[in-house]
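Per-chain residue numbering starts at 1, and chain names A, B and C are given in the order in which the chains are listed.
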Amino acid sequence: MSESAVRIRDLVVYRGGALVLDGIDLDVAPGTVTGLVGPSGSGKTTLLRCVVGVQKIKSGRVTVLGRPAGTAALRHEVSYLTQSPTVYGDLTVEENVRHFAALYRRSKRDAAIVIERVGLSPKSRQLVRKLSGGQQTRANLACALVAAPRMLVLDEPTVGQDPLLRRELWTHFHNIARAEGTTIVVSSHVMDEAARCDRILLMRTGKIIADDTPEMIRKETQTDDLDEAFLRLIEAPVAVPQV
Amino acid sequence: MFSVRITLAITRRILREVFRDTRASIFLLVAPGVLIVLVRNLFESAADFAPTGAMMLGAFPALSMYMVGSTLVVRERNRGTLEAILATPASRLDFVLAYLCAAVAASLVQAVSTVAVGYTLGGLETASPPWLLGAMAALCAIFGMSLGLICSAICQNEGQASQLVPGIMVPQLLICGVFWPLPVMADWLRAIERFMPFSTVTRAMTAAREHSYGGSELVVNSVAMAVLTAAALLGVAAIIRRRTA
Amino acid sequence: MISRNCLLIANRVLRELRRDYRTLFLFTMSPLFVMILVAGMLVETPRTFDRSGLLVMGLFPTAPGFLFAAFAIQRERYRGSLEFLLSGPVTRLDVLVGYLLAFSVPAVAQVALTVSVSYGLLGLDSAGPWWAAALLAMLACVLGVVLGMFAINLAHNELQLTKVLPTVALPHLMVSGLFLPYEDMPGWMQAAATIAPWRYAVGAVSELHLHSSVTSELVLNLSVTVGIVFALSAVTVGTVLRRRTA
């Protein structure tokens, strides 16, 4: 088995005194699109923050691209999209994306391409705080994409977007995973997006309750509908395959 | 540790954000002039105005930059942009240095406008050449911003940061001798004045006014300002942690 | 004027405030702190202290009130909770009065503390009674809060607010008669002073310093100040607390 892009062992995290991640073990293969799904409060955002290296952890090991998470060198290779927009409201879309491009040594042309990709070209000279919620998320996504990193960690990138745009974005995710070998970890509430992933990680109250391909999950829960599969797994968890 | 390219990118971003609103920025440029004219008229003659005027040249930039600085870090932290930027290749040192560079750029502009009005409309006359007062004004502004930044870093929200203005800035303004001469104040106040951060501003400016090129008083206070600025900025770097709970 | 909704809002703001120890501490203690400093500054000239000290005591509460209100409302506006509030059955007057009531609670503590220490320990003396000074200080605080809420009109976000504040507040301070009596100001400054809200508050406090009974000057200045509070409140309700925004 080739070196995992992300390797997590025995991860335990507390936030605000409460146990949020309860002994997580997982591997993410490079060049794949992995979906992290689960109800709110299951620990998805916390897990993603651990991978990016901005989360204080109680114990355990998180190794990303062969190095401990949060190492300085990794910050050039990993790009992170936060759940709520963290773009600069008083700057235009273009200024924001160019700024992040500069941080990651990308060019203005790269910035323009990415803005086009998320469908914000007509609004690129607009101040971000004047955009709608969905548009702000797209601007945020553009900032993460422009880095063209080896690994993309996206926390609910398609929330509030129309189905057409969602399909386009997911096609784009798969393209860059195949063409450039980018490893993508995406969290989502929306089950049919999970269906588009190479692998799904199902989380509930700080534990991984399933780690498999969509087909296998469907087979094991004996249903084609992933929403239903998820509910069945919550009621009677399937054993997590050992790595 | 830090990269010039990244620092400059962040500096550009900060300046854009702070000066995006041209109306408020013009306010900031015009205000020193208005204030100097107003205060000048509170005095009988230009000579009476001079001690206060010289101090104002340093005090106003310091105070207004403090106000700007006092919301900057809190704002970033509360909006999540601080966390987002620390996940990028930018280091904490980049971040802090960028704020310093932004402060320098903004200070120069304010210093020039303040000094220009002070010498023309204010009728200020000083032993040292105007450019020295201007440079000192810029230094005071940078100092003010750093103080604002560290206060901002320790506060949890903008409300707290702004409350520090009547809480710690106004008292310093009162004690430092801008409004009332130092020699007639109570002894315990004079003792505090010696150790107050803001005194470096007034003492330096007064020294520049009284002696040509200020002498040792100017040097000592300028160095003190620089040291305090560096300490404040390092404090900010230490406080903004990459990993949070 | 004070409805149930209004009290609910006041309660909520107060609860938030109670958890924010730092702001509460600074808000309550800063006027006292400043009074002690002023007493120390003017230790050699007790008569000046009586005048300037009274002015500071009576008027300084405007500053913490102003800053606090401005940033609190701005935060609500940014969070979207202001819009949320205004889309419900709450009236805009409820919101305004609710906020004022909420700020009044720590303001009372602030004024009580400052007045008792100033008259008691620091030896402040005035012709008018201390309780009148206390009332004026409360009025100053209310004026500050209303000014603060109004000031949001001048800025989109807190960054702009910090730029606008020193540029508007300081000149205002200069012409209000705090440093130089109104009579001694040049003509153009006197003209500018007519539109400065603080000038009237300063006028009212000065009267208190000089006269032990109610004078027509006092009544005039007081009325104008109270009038300004109402006028600004009305404008704030119409602008900052608009239900329909762009």
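Assume contacts are C-beta pairs under 8 Å (C-beta built on N, C-alpha and C of every residue); 3 or more make two chains touch, one makes a residue touch a chain.
Here is each chain with its UniProt name: A = ABC transporter ATP-binding protein; C = Transport permease protein.
Values in this document were obtained by computation on a predicted structure and should not be read as measured data.
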Among all chain pairs, the one with the most C-beta contacts: B-C
Per-chain Cα centre nearest the global Cα centre, belonging to chain: B
Distance between the centres, which are taken as Cα means, of chain C (Transport permease protein) and chain B, whole angstrom: 26
Between chain A and chain B, centroid-to-centroid distance (C-alpha), Å: 42
Between chain C (Transport permease protein) and chain A, distance of the C-alpha-averaged centres to the nearest whole Å: 49
Of all residues in chain C (Transport permease protein), the ones touching two or more other chains: 159
Chain A residues counted as touching two or more neighbouring chains: 89-90
Multi-chain contact sites of chain B, meaning residues that touch two or more partners: 17, 21
Interfacial residue positions of chain B with respect to chain C (Transport permease protein) in the complex: 17-18, 21, 24-25, 27-28, 30-31, 34-35, 38-39, 41-42, 60, 63-64, 67-68, 70-72, 75, 155-160, 162-167, 170-171, 174-175, 179-180, 184-186, 188-189
Touch list for chain B against partner chain A, complex: 5-6, 9-10, 12-13, 16-17, 20-21, 79-81, 83-91, 242-245
Touching residues on chain C (Transport permease protein), where the partner in the complex is chain B: 20, 22-23, 26-27, 29-31, 33-34, 37-45, 60, 63-64, 67-68, 70-72, 74-75, 154-156, 158-168, 170-171, 174-175, 179-180, 185-186, 189
Touching residues on chain A, where the partner in the complex is chain B: 14-16, 52-56, 70, 72, 75-76, 78-80, 82, 84, 86-91, 95, 99-100, 102-105, 147
